[in-house]
Amino acid sequence: MPDSAREFFSAVFLVIGAFFYLAGTVGLLRFPDVYTRLHALTKADNLGLGFLVLGLAVQAESLAAALKLLLIWPLTLAASATVGYLIARRARALGISPWLRPEDR
Amino acid sequence: MSTGLLYALAGVLLFVMGMAGAIIMAGALRKILAFNIMGSGAFLVLVGLAQRDGIPDPVPQAMVLTGIVVAVASTALALALARRLAADGDEER
Amino acid sequence: MNLALVFDLLLALMLLWSAWRALAAPNATRAVVMFIVFGLFLTLAWGRLDAPDIALAEAAIGAGLTGALLLDAVRTLGESAGADAGGARSPWRWPVLAFSPLLAVILVVAVLEAPQQLVDLPAVVERNMGLSGVTHPVTAVLLNFRGYDTLLEVAVLLAALFGLLALAQGAASAATRESFLLHTLARLATPPMIVVAGYLLWAGAHQPGGAFQAAAVLAAAAVLLHLAGLLPAWVAPGRLLRLGLAGGLLVFLAVAILPLAHAPLLTYPPAWAGALILLVETALTVSLGLVLAGLFLFLSGRSLRDEETR
Amino acid sequence: MRVAPVLRRTLAFALLWWVLVEGSSVSWGIGLASVGLATFASLRLWPPAHWRISYAGVAAFAGWFLLESAKGAVQVAALAFQRRPDLAPRIIEISLALPAGAATVLIVNVLNLLPGTMCTDVEGKILRVHVLDGRLPVVEEVRAAEARIARMLGVTQ
């Protein structure tokens, strides 16, 4: 790939990644309870991170360097899925009841 | 203002904030937090001031690296002391 | 005003804000969480200061391990240990609050007026890199040019662990039972973490990395296994563990006194410097990993028994 | 001990090492030691099991998973930027058909990353799932995920 095309794709991926991070953070601030906030963080940030490492991997100098960056993604996915579950379970154990729509209450 | 100087100044303020906290906070845990903030402030001054011209200086960097490890060790020791203190306090009552 | 400076200013403000919240938050859990946030902001600051070695250590040790220690302390000490955030009862409150701004102004002026260094340290390090045996300046300083600092620092760490062991009160066996998900994560993540620790150890010779960061990764793996209930409780160190804990210091000492016959302490012959540094770093990785893990494991012996098995 | 799993894991960790050092060849001393230790630790922590994982199944699963997790992120992003987030959360209970162990672990992890689901609890075979939008056909989606995992791991439901 020529360098200009590389830089273009890299920039596009990084912007998309940053957008999903922003969305996850906005969700964290705006969603009503711990469970819905966990949804926002795990889902949006994971895709955001995926695009960030992809954007950086495109710029990498060698295949191994690109793979090293991409490796971050599945590791973080596994950690965040597990931590999300642990937080949700802890919240349940503490008796925090989930937020419901007014019409569902 | 250079990056190094900016963080050195932030370090000064953190140091003062941590020092005030360490003196006036009542709980053991807060005092330990305050000491850690004080230490971090000192680390920032050490590295930031040495790099105010923008040239990375490996000497303070290496010192701070070991400093962080010593800080966690002293934090753990302080927590063990706090725990012992709390346990003894319970026995006396 | 350029964008980088705006970012630095914002980050400096966030540092001050999170430190303030860690001190003034209404309850202990919140204070500790804000302290971890402070550690992460600090990690970014080290990145901005071209200090990736410190950033790595700060993230893993400053925010990670210290955070775990403090959270564990909140649980065992209870919220009361962090009470009185305002310090309203301290008789020193008003004098200290009155004096602090004055001290801050004096120190700020001192930093702004600080004279230039008489010795240009980066240049000195640069000139001597060829003799150091490695190509990464921070490692050269850490294990060669100022090796005695690091040697004593390892001794201090070991001493802190002794103190902790002396204070720990017959920790009950950690019947840690945690979620099966954490169990799986710990089992899956530990082997790659060993490889990553090896990589960091190797990398230290020519790029950010080295024994401290590698040890932090190993310690993190041990803490993870402990939380998942996969590691036997560390109540009192047995013979093998003692050897592991002290090994780094012993190897470092041996390497330090070896050249004493014809040179001062810790002077490596340049031809051997690279190999000796690698030997010391390898021993340090294992020992520091065990010591750092021990700081957490010996302290949180009686832990997590209230967690249900799943 | 059978040799095949040991070789497979050694190879996997050697590959990881190669990726980490970016193909440098001067590093095999520490590399061999860490790969050996990692293989040893992995065998201790995770004794070889008698699964028949189908590699085609893994590839199909990975593709499906990527697409679904992207959907999940888009859904959350859309909700986050709505003027009033249109959430209809509820907690549902699902009886798992998958066997306990690795398959259950996998489905809990996968559900946490899929659109609109987050596990809060597992009790035996009963899975409690927090759903972001209870109006969507979540149970069907969980069943579909289960079927895919079963196919990939070669376990019967």
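Labels A, B, C and D are assigned to the chains in the order they are written; within every chain, residues are numbered from 1.
Definition applied: a contact is a pair of C-beta atoms (placed from the backbone, for glycine too) under 8 Å apart; a residue touches a chain by one contact, two chains touch by 3 or more.
Since the model is a prediction, treat every value here as computed from it, not as a measurement.
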{"item": "Central chain (distance from its CA mean to the mean of all protein CA atoms)", "value": "C"}
{"item": "Interchain centroid distance [CA atoms averaged], subunit A/subunit B, Å", "value": "32"}
{"item": "Geometric centre distance via CA averages, subunit C-subunit A, whole Å", "value": "27"}
{"item": "Chain centre separation in whole Å, for subunit D relative to subunit A (CA means)", "value": "16"}
{"item": "Residues of subunit B touching at least two other chains", "value": "none"}
{"item": "Multi-chain contact residues (two or more partners), subunit D", "value": "16, 20-21, 108-109"}
{"item": "Set of subunit C residues in contact with two or more other chains", "value": "181, 184, 188, 192, 310"}
{"item": "All chain pairs that touch each other", "value": "A-C, A-D, B-C, C-D"}
{"item": "Subunit C - residues contacting subunit D, complex", "value": "180-181, 184, 186-188, 190-192, 194-199, 201-203, 230, 282, 310"}
{"item": "Subunit C-facing residues of subunit B, complex", "value": "1, 3-10, 12-21, 23-30, 32-34, 36-37, 40, 43-45, 47-51, 55-59, 61-66, 68-77, 79-84, 86-87"}
{"item": "Residue numbers on subunit A that touch subunit D, as the complex places them", "value": "19-20, 23-24, 26-27, 30-33, 35-36, 38-40, 42-44, 46-48, 62-65, 67-68, 71, 77-78, 80-82, 84-85, 88-89, 91-92, 98-101, 104"}
{"item": "Subunit A contact footprint on subunit C (complex, rising order)", "value": "179, 181-182, 184-185, 188-189, 192, 308, 310"}
{"item": "Contact set on subunit A toward subunit C in their complex", "value": "75, 78-79, 82, 85-86, 89, 93"}
